[in-house]
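Chain nomenclature is as follows: A, B and C, assigned in order of appearance, with residue numbering initiated at 1 for each chain independently.
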Amino acid sequence: MKRSLTPFVVTAAVLAFFYLPIAILVVHSFNASRFGGAWQGFSLRWYAQLLHEPEIWQAARNTLVIALTATAASLVLGTTAALALHRFARTRLQRVHYSLIYIPLVVPEILMGISLLMAFVAVGLQLGLFTIFLAHVTFCLSYVALVVLARLQDFDESVLEAARDLGAGWWTAARRVLLPLLLPGLAAAGLIAFTLSLDDFVITFFVAGPGSTTLPIRVYSMIKHGSTPLINALSTILLVLTFTTVTLSQRLGRSRAPETP
Amino acid sequence: MRKKLQEAFLTTPSFLWLMLLFVLPTLLVVVLAFRPADPFGGIGRGWTLASLRSILNPYDLEVALRTLWISAVVTLVCLVLAVPTGYAVARASSKRRRILLLLIIVPFWTSFLVRIFAWKSLLHPDGPVKKLLVLLGLSGEPTSLLYNPGAVVLVMIYTFLPFAILPIYAAAEKFDIRLVEAARDLGAGPFAAFRKVFLPGIRQGLLTAVLVVLIPSLGSYVASDLVGGPSGEMLGNKIAQRVFVDRNLPHASALSIVLILAVLAPFLVVLALQKRKGRPAVILEEGL
Amino acid sequence: MSEFLTFEDVSKRFGAIRAVDGVSLDIRKGEFFSLLGPSGCGKTTMLRLAAGFETPDAGRVVLAGRDITGLPPNKRPVNTIFQSYALFPHMTVRQNIAFGREIAKRPAAEVRRDVDDMLRLIQMEDQADKKPAALSGGQKQRVAVARALVNKPQVLLLDEPLAALDLKLRQRMLIELDMIHDQVGITFLYVTHDQGEAMSLSDRIAVMEAGRIEQVGTPAEIYEAPRTSFVAAFIGDTNFLEGEVSRLLDAEYGLLRVEGFPDVFCFNDKTLPAGRQVTLSIRPEKIRIAREKPDGPALRNVVQAKVEDVIYLGPTTKYWVRAGGRRLQVLRQHSRFALDEKPIRWTDDVWIEWHPDDGFMLDRFRRDDEKLVAPPPQKVGEN
């Protein structure tokens, strides 16, 4: 049967479409020229300038702190949610629970942003790093829960029964069998939460206060106020960071199910 | 009894969190739409339908309509591009497939601010795309590629395409290609087989792809903010403007309700279509 | 007391389904005992009740005189071989086997020695440091067995361990399991839906259906002397003849009036009086088929029949014949060179005969069980 070439042509075009703008951006971050039009030689001056901006460092620190804490919190909340959804799958409570977890994923970020903003204002909570943290956990939770749930569903329960059959109590079985096998899934979920938090803009924009900038917000204001070459450099750094975390997450997330006999 | 206790113990943390930080705030927004706006900014006292009615003005309606057609176009184009791509990746050899998936997923996870900015630079009057178009005689010197709905559509397609490719790839991978071969064996031409056997076969993936592009598109903020200009303003921008510039929270809430309804409609439609085939699909499959 | 593992009137239900319904069973020490039945008959539930993964709603489970009904699985001196083997994927073969001993906090030197002994038993010393993903199906099963046996359980529970293997491998593992049982001498409780496995491995079999035990006996007893129509039809093939005792000939033999047949001689082992309804089960290999009317002693059942289906199998041929308005199976073994004789063909008129001893009286006959031995359809799409 003759294979149509169209899908492959389209795929190649799509990939080019994806990477061309990014490639150009990365290339221009090394452009000595201030204006992106002409190439004026290779230079690291923009990177140097970036590294000397205290505001950038502050924003980077905030971003990292929030990402780490939000990841930790959403891992705990998401994993307990996944355990509940998996073990008690058909109860009415879990069906409501599942919808509750699922819906934030299909809601546009701006709705979440505005509703959180109004809620914080209503209870008089001052906007700052803490409110950003609360917001990030809220949307990361669902991702973590679904990733861990998927791993749990792939998980061969009989392995836990085998552990008990061989004499292990619940806690020993969890420690020596469940946790080691779940760890790659948890790590993958954690990396996803970390990346989501790192990159989030819209929701953060709505719930951040003055003085609590994150890197994405910094990038946004830089874009608005046009310091192009710096943005190129900063973007390249962010790209490299995300690329690393994504590749790591993919490696860990690859299911290690043994082959069927 | 122990089971019920265990279930409660495991469910409460996430349940409570989402109730307090998702459900209640959303309800708050809906409630606020029924309050009048305080002329000095903020929320007035009492209840009224005035805030809701205030969105029935030509400017807001224009923005709402623009949001709808931009989202529709973006979704359509993404689908058209995603189907052959998802198909090609699903049919690729195992090794190539892994590489292709990685290539598709990386933009998916990189900061979309960065990606939108990349396009903003490209579409800049001094940028390469404009220069190329002028060279080919397709564009006059003064017209700007930026700050119009077209730029918004382009940038949004760029942002959402990976979202569309992944569910279609997932569905195409599960699809038994021998069904298409059977159709060819029974006399169908390649396009007919594609239309009558393959597309219905990846129905679940198509529906998911529609959802994951349409809904974020409707609520899009950044793309229209950075490359849309005044003529490319979308509902999300209007809402933000009401909140931050006009300080008119009830009006912003009213607009948010419109957005909620606009998002709910396709979601319920897709849910109804999916229910005919069984459980609703988990949107996030590959890539996580 | 040779009863070692006893189920006393055990019941277990899941929602509205009674998986196990008032079952009592005695398993003897050291025997290879199988629970055989179709899926959903309750055999796996019985196993899980013995292992402790389920608790009975009623009844007790007693092991070596001790009531273990309330004990959790990790406290019972029994071990299970799971259908999917359930090897710990993140541990090596050695670590898998050592697991139970380590949990029991045995000294390291002793654990090492025990594990080495097991590796030698299953002939996998070279693969001790491999992970389960690198093993074949047969190897995984052996590791599962070793992991269980190293703990010297009082009973080994096996949950359809051969189900996931292909035919050739299954045949080999069958023999290996048998050898291991002989070598180790532990009581085996084996669950399967495959008659071949049960018959070839077991000392005794319990046939289960719908949560109840239909019959317990040695493989030969189950096959030759089935108590119910289910047992007769589930294991191998059979023919059912329903009739009424018309006359007693002597203390041992009687005549049955069977519709469409001349009176049938049968061995009256149930000492039924005249007038009693009874159904006979006659195994196909016990019936002889020939083109000429056989002559022999008077105490034989000889009936005219017409051949409707011939299924040549190589060592044997199965014939479906119509006699007395009903369809019967006959299995003929070709113990001489088959090409020398004129074969019996479709639509031939033949004579079938069987010895009165070979029709066995069933205690219970159920119409539904006839479906298990249904003859082939005679038209495309016929039910």
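We adopt the following convention: a residue touches a chain if its C-beta (ideal position, glycine included) is under 8 Å from a C-beta of that chain, and two chains touch if they have at least 3 such contacts.
Fair warning: this is a prediction, and the values are worked out from it, not measured in the lab.
**Student:** What's the minimum number of touch steps needed to get from chain B to chain C?
**Tutor:** Shortest path length, in steps: 2.
**Student:** With contacts counted as defined, which of the two, A-C or A-B, has more C-beta pairs across the interface?
**Tutor:** A-B
**Student:** Return the distance between the CA-based centres of chain B and chain C, expressed in whole Å.
**Tutor:** Computed from C-alpha means, the inter-chain centre distance equals 59 Å.
**Student:** Where the centres are mean C-alpha positions, what is the separation of chain A from chain C, in Å?
**Tutor:** Once rounded, the distance between the two centres reads 56 Å.
**Student:** Which whole number of Å gives the spacing of the CA centres of chain A and chain B?
**Tutor:** So the centroids are 18 Å from each other.
**Student:** Pull out every residue in chain A that's touching 2 or more other chains.
**Tutor:** none
**Student:** Of all residues in chain A, which touch chain B in the complex?
**Tutor:** Its residues touching chain B are 1-2, 4, 6-8, 10-11, 14-15, 17-19, 21-22, 24-25, 28, 35-37, 76-78, 80-81, 83-84, 87-88, 91, 93-94, 97, 100-112, 114-119, 122, 134-135, 137-138, 141, 143, 145-147, 150, 188, 192, 195, 198-199, 201-202, 206, 216, 219-220, 223-224, 228, 231-232, 235, 238-239, 242-243, 245-247, 250, 253.
**Student:** Using the touch definition from the top, list the residues of chain C that touch chain A in their complex.
**Tutor:** Interface residues on the chain C side: 51, 53, 72-75, 78-80, 82-84, 86-90, 99-100, 103-104, 132-133, 136-138, 140, 147-148, 151, 164-165.
**Student:** Per the contact definition, I'd like the list of chain A residues that touch chain C in the complex.
**Tutor:** Residues 156, 158-159, 161-169, 172, 176-177, 180-181, 256-261 of chain A touch chain C in their complex.
**Student:** Name, in rising order, each residue of chain B that touches chain A in their complex.
**Tutor:** Checking each residue of chain B against chain A gives 3, 6-7, 10-11, 13-15, 17-19, 21-26, 28-29, 32, 81, 84-85, 87-89, 91, 100, 102-107, 109-115, 117-122, 124, 126-128, 158, 161-162, 165, 181, 184, 190, 211-212, 215-216, 218-222, 226, 236, 239-240, 243, 249, 252-253, 256, 259-260, 263, 267, 282-285, 288.
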